C-alpha cells in the first residue's frame, strides 16, 4: 500500500511517501502500526483530530476500512484558496 | 423649479425637462397641479406607486416638502446593474 | 475608490487586472460584470437612460456605504449608458478586501443597491418593438438583507 | 468548465476577459482572486504544497457540484502551487450565470469548498522562520451554510 504524507506530517515523518506492508483493517489500525514503529511517526500522529486522511484520493474517516485501497494519504486540514 | 422626467414618464409627458412656476407645498401637491394641466400628465401620474421622485438628486417621498428645492425628477423604479 | 459613468465600452480584463494589482495588503478581489443578455424573442439592442448628476452622486454614495460597512480597501464601479448589443458589457464593480467574505459581501451589497437605487433605466428593442424593463420585486427585496 | 493547477503565474486580466466574453446567454460574471497578503512581521514568500492527482479531482468535483447546485453556465478554477511573493496571485475562480445571485453564490460556494476541501497547504516564510498556515474554524464553519 502506498502511504503519502503532506505538509507538517511529511516534515515530521521525514519523507513524502513510502510503501507499507500491512494487514491493518482500518485507517486507525494503520496509524497504530505506524506509531509503534518509530518516534517520528508517533510525533506526527499524536493528535488525530488535527489530521485528515484520504483513501485513493478521496477524503475519508479514520474508521474507514482499507480493503482494496491502494493509496492512503495523511495531512493537516487543508488551506487552499 | 426645474422638473425632470425619465424613461416612460418622459415619453408619456413628451419632454425630458421643463421649468414650472408653482407654489405647491409638497411633491404630491405638485403632481396634482401637473395632472390638472393636460391629459399627458394625467397619463404619466395615474399610479404613483409605480413612480419614484428625487429632490435635488436625492430620492424622496411624495409627501416631502418642496421648500428650497430647485430640481424635482420623476421616474419609474430604477433598473441599473 | 473610483466611479465612472460612460457611454464608451470598457475593457474588463484591463480594468480587473489594474484593480487587482498592487494590493499587497488585500488578499481578496471580487469582480462582478453585467452583460447584455439575449432574450427569448431575440434582442436587437438595449438602451440605457440615466440621470446625469444624480447617477454619479448615487454611485459614489453607494461605494462609500460599502467601504464603511465592510472591511474594503478599494472599490471600483463602472456603469455605461446609451446603446448596447447582446454580449456587450453594461457595467462592472470590483472590491478588494483583506478577507474574502468582505470582498464578496461588499460586491453583492453594491450590486443590490445599484440595481434599485442608481438612476438607470433599461429599454429593450426586439423585432416586436421596444419595451422598458420592469423593476423586479426580488431586486427590491434583496435590499432588505443589508 | 475548466480547472487548472499550475506553478506558473496566470494573467488575471486575460483569463477574466476570455471567460466573460461570448456568454450572450449569461448576464452575470463573478470572479474571485486570492492574492498573497503581506503579514504584520513581513512575509518573504509563501510556499504552497498540494497533492497531485487528488487536487485536480477535488477541484473538478467542486466545480461540478457548483454547476449542479446553482444555475451556472460556466466555471473556471485556476490554482497555483510552489513559491509566491506578496502581491502575487494565488488562484482565481470565475462563474457565469443568467442571474447575478447564482453567479455570486456559485463563486462563494466554490471558494468555501476550495479553502477547506482542496488539498493545498500554505507555508509562510518570514525573517523569523517558516510556519504552516493553520486552518481557520471560520473556514470550516463557512461550509455549513451550503
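Order of writing sets the labels: A, B, C and D. Residues in every chain begin at 1.
Assume a residue touches a chain if its C-beta (ideal position, glycine included) is under 8 Å from a C-beta of that chain, and two chains touch if they have at least 3 such contacts.
As the structure is a computational prediction, the values presented were derived from the model and not from experiment.
K.L.:
Farthest from chain D by Cα centre, which chain is it? Let me know.
P.N.:
The most remote chain is B.
K.L.:
In whole angstrom, what separates the CA-based centres of chain B and chain C?
P.N.:
The computed centroid separation for chain B versus chain C comes out at 26 Å.
K.L.:
From the C-alpha centre of chain C to that of chain D, how far is it in Å?
P.N.:
Roughly 23 Å separates the two chain centres.
K.L.:
Quick one: report the Å distance separating chain B from chain D, using the average Cα coordinate of each chain.
P.N.:
48
K.L.:
Of all the residues in chain C, which ones touch at least 2 other chains?
P.N.:
Answer for chain C, listing residues that touch two or more other chains: 34, 100, 111.
K.L.:
Which residues belonging to chain A are in contact with no fewer than two other chains?
P.N.:
As it turns out, chain A has residues touching two or more other chains at 81.
K.L.:
Can you give me every chain pair that touches, using the contact definition above?
P.N.:
A-D, B-C, C-D
K.L.:
Of all residues in chain B, which touch chain C in the complex?
P.N.:
4, 6-8, 10, 54, 57-59, 73, 75-81
K.L.:
Touching chain D in the complex: which residues of chain C?
P.N.:
Those in contact with chain D are residues 11-14, 16-18, 20-38, 86-87, 89, 98, 100-101, 103-104, 107-108, 111, 142.
K.L.:
Hey, which residues of chain C end up touching chain B in the complex?
P.N.:
Listed in rising order, the residues of chain C that touch chain B are 34, 49, 51, 53-54, 57-58, 79, 90-91, 111, 114-123, 132-135, 140.
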